[in-house]
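Below is one structure, written out as structure tokens, with a few remarks after it.
Lettered A, B and C in written order, each chain numbered from 1.
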Amino acid sequence: MTKQATSRDRRKRRPPVVLVVLAALGLSVFVVPLLGLLARTPWRDLPTVLTSDVVLDALRISVIASLGATAISAILGVPLAWVLARVEFRGRSIVRGLVVLPLVLPPVVGGAALLFALGRRGLIGEPLNQMTGLVLPFSTWGVVIAATFVAMPFLVITVEGGLRNLDPRYEGAAATLGAGRWTVLWRVTLPMIGSSLAAGLALTWARALGEFGATITFAGNLQGRTQTLPLAVFVAMESDRGAAVALSLIMVVISLTVLIVLRHRWWGAI
Amino acid sequence: MVGGDMSRSTGLDAHLVVSRGEAFTLDVSLSIPAGHTVALLGPNGAGKSTVVAAISGLLPLDDGQITLNGRTLDNPADGVLIPAEDRGVGVVFQDYVLFPHLTVVENVEFGLRSRKTPRREARELAIRWLDRIGLDDLADRKPGDLSGGQAQRVALARALITEPDLLLLDEPLAALDATTRVDLRRTLADHLGQFAGPRMLITHDPTEAFLLADEIHVIEDGVITQVGTPDDIRLRPRTPYIADLAGSNLVLGTASSGTVTTGTQQLHIADTQISGPVLAAIHPRAIIIDRHQPDGSPRNTWEATVIRIEHYGDRVRLQTGDPLPLTAEITPDALSDLQIVEGSVVWISIKATEISVQKD
Amino acid sequence: MKRHRAITIGLATGALLISACGTAGDGAGGEVLVSAASSLTEAFAEMEAAFETVNPEFDVVLNIGGSSALREQILAGAPVDVFASANTSNMDLVVDAGDVDGELAIFARNRLEIAVPSGNPAGVTGLTDFARDELLIGLCAEDVPCGDYGRQVLQNAGVTPNVDTEEPNVRALLTKVEAGELDAGIVYATDVASTDGGVDGVAVPDDDNVHADYPIAVLADAPNADGAEAFVAFVLSDEGRSILADHGFGLP
């Protein structure tokens, strides 16, 4: 009797075996490729590879592009999220669909679309080029734009979610206390959705850092100008596998570090 | 108590018309002179929060107008709409709506900082306010750490520090538990007394309205169904809802060892612990009316004359005279069975357990 | 080596793995996975159709990509049957790794040409224009055959190019030229022919030009060796040669 009870208790306390096995398999989906990467890492050549021009240039472009895209997403994405959350208008669901489209669209398609819109012969790119002489493809700006295109949806949907969860009475209370719209936005709305905003920025940055398809299609690939870390990995995969693995390792380390640090501080909203 | 002069230039004068689809239209006229407290009393869904939103500037009127101290705040016909931040309407919101990310002192100084008052000056004034409401030692806490009563006082200070032209209190006691509510109603009455402008109290609690307001507007389904002093409303309710909601008999007296002594009558109560000044509430339906002296358990019985009879659909209200004027409610059948007319002498009896007593 | 393969295979194209899942191991018929250089896209599409008409028991699946990318997939252990490369150096690396079964054959030749957008808006006349700063110039990336050939051609002409982008394969480069986003790029003559007027070609003088040899081979680990042999034989047959010729390839 006692024996039976104990064994039942023990069984109760343990999570179901099937779940644990499936969870372990799920985790392996993420971990096994990383192990593959580590197994192939040329540890001895690592210092040389990491300080090579190709890597340093790619790192620089990646930092510029990911931070640039995050900044643009914040400046344009927060107002967009605000409008989607707070203004009722016809076709709002269509606009929301357009905003999340880059999440499901293959990035190459996005890159092609950007080329047709902002390229030298593009819908907007052609008049822009004729007026200002500006050429966006094959420039670092092009990289920033491609990264913004694929990454901004993360910011918009997270911030919109935060705004929807915010009780509008706080903004109302601030207004009755004499706060104008800007004061309300800066002193009440944004601080109160702080965790959503931070999570949105982190996701946006992470997506921008990993961006590949839209970049190579729209901005091309040139070391020191448009070649980001993912592009450098892709090109190096065909010429210098060691460099490719080393570059991949940098990306893994940077992304993992930032995401873990942010998770502790800010990710309450997700 | 409130004069009939509607064109006074100090105070609030409002005619609020707001449509919410076809199902609901708010159409309310209000006038509050400076130094007076008007309570808007009504059930949930009657339109009280719409009134708060319209007056504070968070919801534009569809028709009508709002004038505060002679300044038009909203008038759709003339195209005038002053935004909330420029209205000078101080609001104590339901649940207080203190900013959770700011400290107590930052909450209090928020209005001043929004009006570009220099940082140091705003801080000094806010500290002085906290001192005044006895919360200066909590200045650096977050609102989440405050009790309901403390939060209410912070909300009041936050609204009053900007020296508004109108003070609007939206269910200021609803978030509190019963015992704190009694204490805070007192402090609230003090604070209201110190505010010189017009005061508006939005509430669903008749006791709150009776004790804090000079005049009560009863709102039902978006319209005002009765206006009057607390006594008018209590003694002469005009609709079944008011009779039900506001018709409770309130008696002030002094309690000691299970008895409440009023000026003219002693009431036996169930609570033997309570003592000192109290407020006794007796529901009209808890009062038993008879033609003969009843026997049995009721300990409170006396004879009184029926001075008024009013019919409300399926019930009848009797107003009785000395020694303790009360309102009782019976059915029309009982009225005819007992053959009661105005001037009849009846026996009143009330069970001690039917009298709810709270400290005043 | 085997152990490493098992791990790095994860890095190879996912689509390739999925398509390979259906490969039948049985003798007659089944799927034949052919990894072919980008410049062979149209020619091998026709080749596939013609081959399957003659040999209906086989189902050819084309895996098109930059030769170096295809090489990496094979070296990483992808279950490919036939490799058709746009240059010998990529094929040599596969041979060196012991991944080729039997002989390799040169089945086609290609030469290089300058591709410019239709109408040649920038007025490109030759390789010297590749040094012009104001033009947008594209080449294939280094180690991609068209990239190596392109650089060799420019070196032969003594021109230092002012490159704006290094595309991962010849098709990507061609697409950007066709869209008018690039003023000029060096591609295969067959690519210019394949666009049907989408791009114009500017000839590279014979003295500067290089001739690209296209080798084909059955892979040692081919899951469908019979199908692989049959396909390679077809490519080298008269019918296969005439298809290649139709697409502008030179024949050995």
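Simple rule for what comes next: a contact is a pair of C-beta atoms (placed from the backbone, for glycine too) under 8 Å apart; a residue touches a chain by one contact, two chains touch by 3 or more.
Just so it is clear, the model here is predicted, and its values are computed rather than measured.
Enquirer: Have a look at A-B versus A-C and report the one with more C-beta pairs in contact.
Expert: A-C
Enquirer: If you average the Cα atoms of each chain, whose average lands nearest the overall Cα average?
Expert: So the chain nearest the centre of the shown protein is A.
Enquirer: With chain centres set to the mean of the C-alpha atoms, which chain is at the far end from subunit C?
Expert: B
Enquirer: Centre to centre, by mean C-alpha position, how many angstrom separate subunit B and subunit C?
Expert: It comes to 85 Å between the two C-alpha centres.
Enquirer: Indicate the whole-number Å distance between the mean C-alpha point of subunit A and the mean C-alpha point of subunit C.
Expert: It comes to 34 Å between the two C-alpha centres.
Enquirer: Using Cα averages as centroids, what's the distance between subunit A and subunit B in whole Å?
Expert: A distance of 53 Å separates the two centres.
Enquirer: Among the residues of subunit C, which are close enough to touch at least two other chains?
Expert: Touching at least two other chains: none.
Enquirer: List the residues on subunit C that touch subunit A in their complex, please.
Expert: Per the stated touch rule, the residues are 4, 7-8, 10-11, 66, 68-69, 71-72, 136, 138, 141-144, 163-168, 172, 176, 179-181.
Enquirer: Over in the complex, which subunit B residues touch subunit A? Could you list them?
Expert: For subunit B paired with subunit A, touching residues are 53, 56-58, 83-87, 89-91, 93, 97, 99-101, 110-111, 113-115, 158-159, 162.
Enquirer: Would you pull the subunit A residues touching subunit C in the complex into a rising list?
Expert: Residues in contact with subunit C: 32-33, 35-36, 39-40, 115-116, 119-121, 135, 137-138, 216-217, 220-223, 225-226, 234-235, 237-239, 241.
Enquirer: Can you name the residues of subunit A that touch subunit B in the complex?
Expert: Subunit A residues touching subunit B: 167, 169-170, 172-180, 183, 187-188, 191-192, 194.
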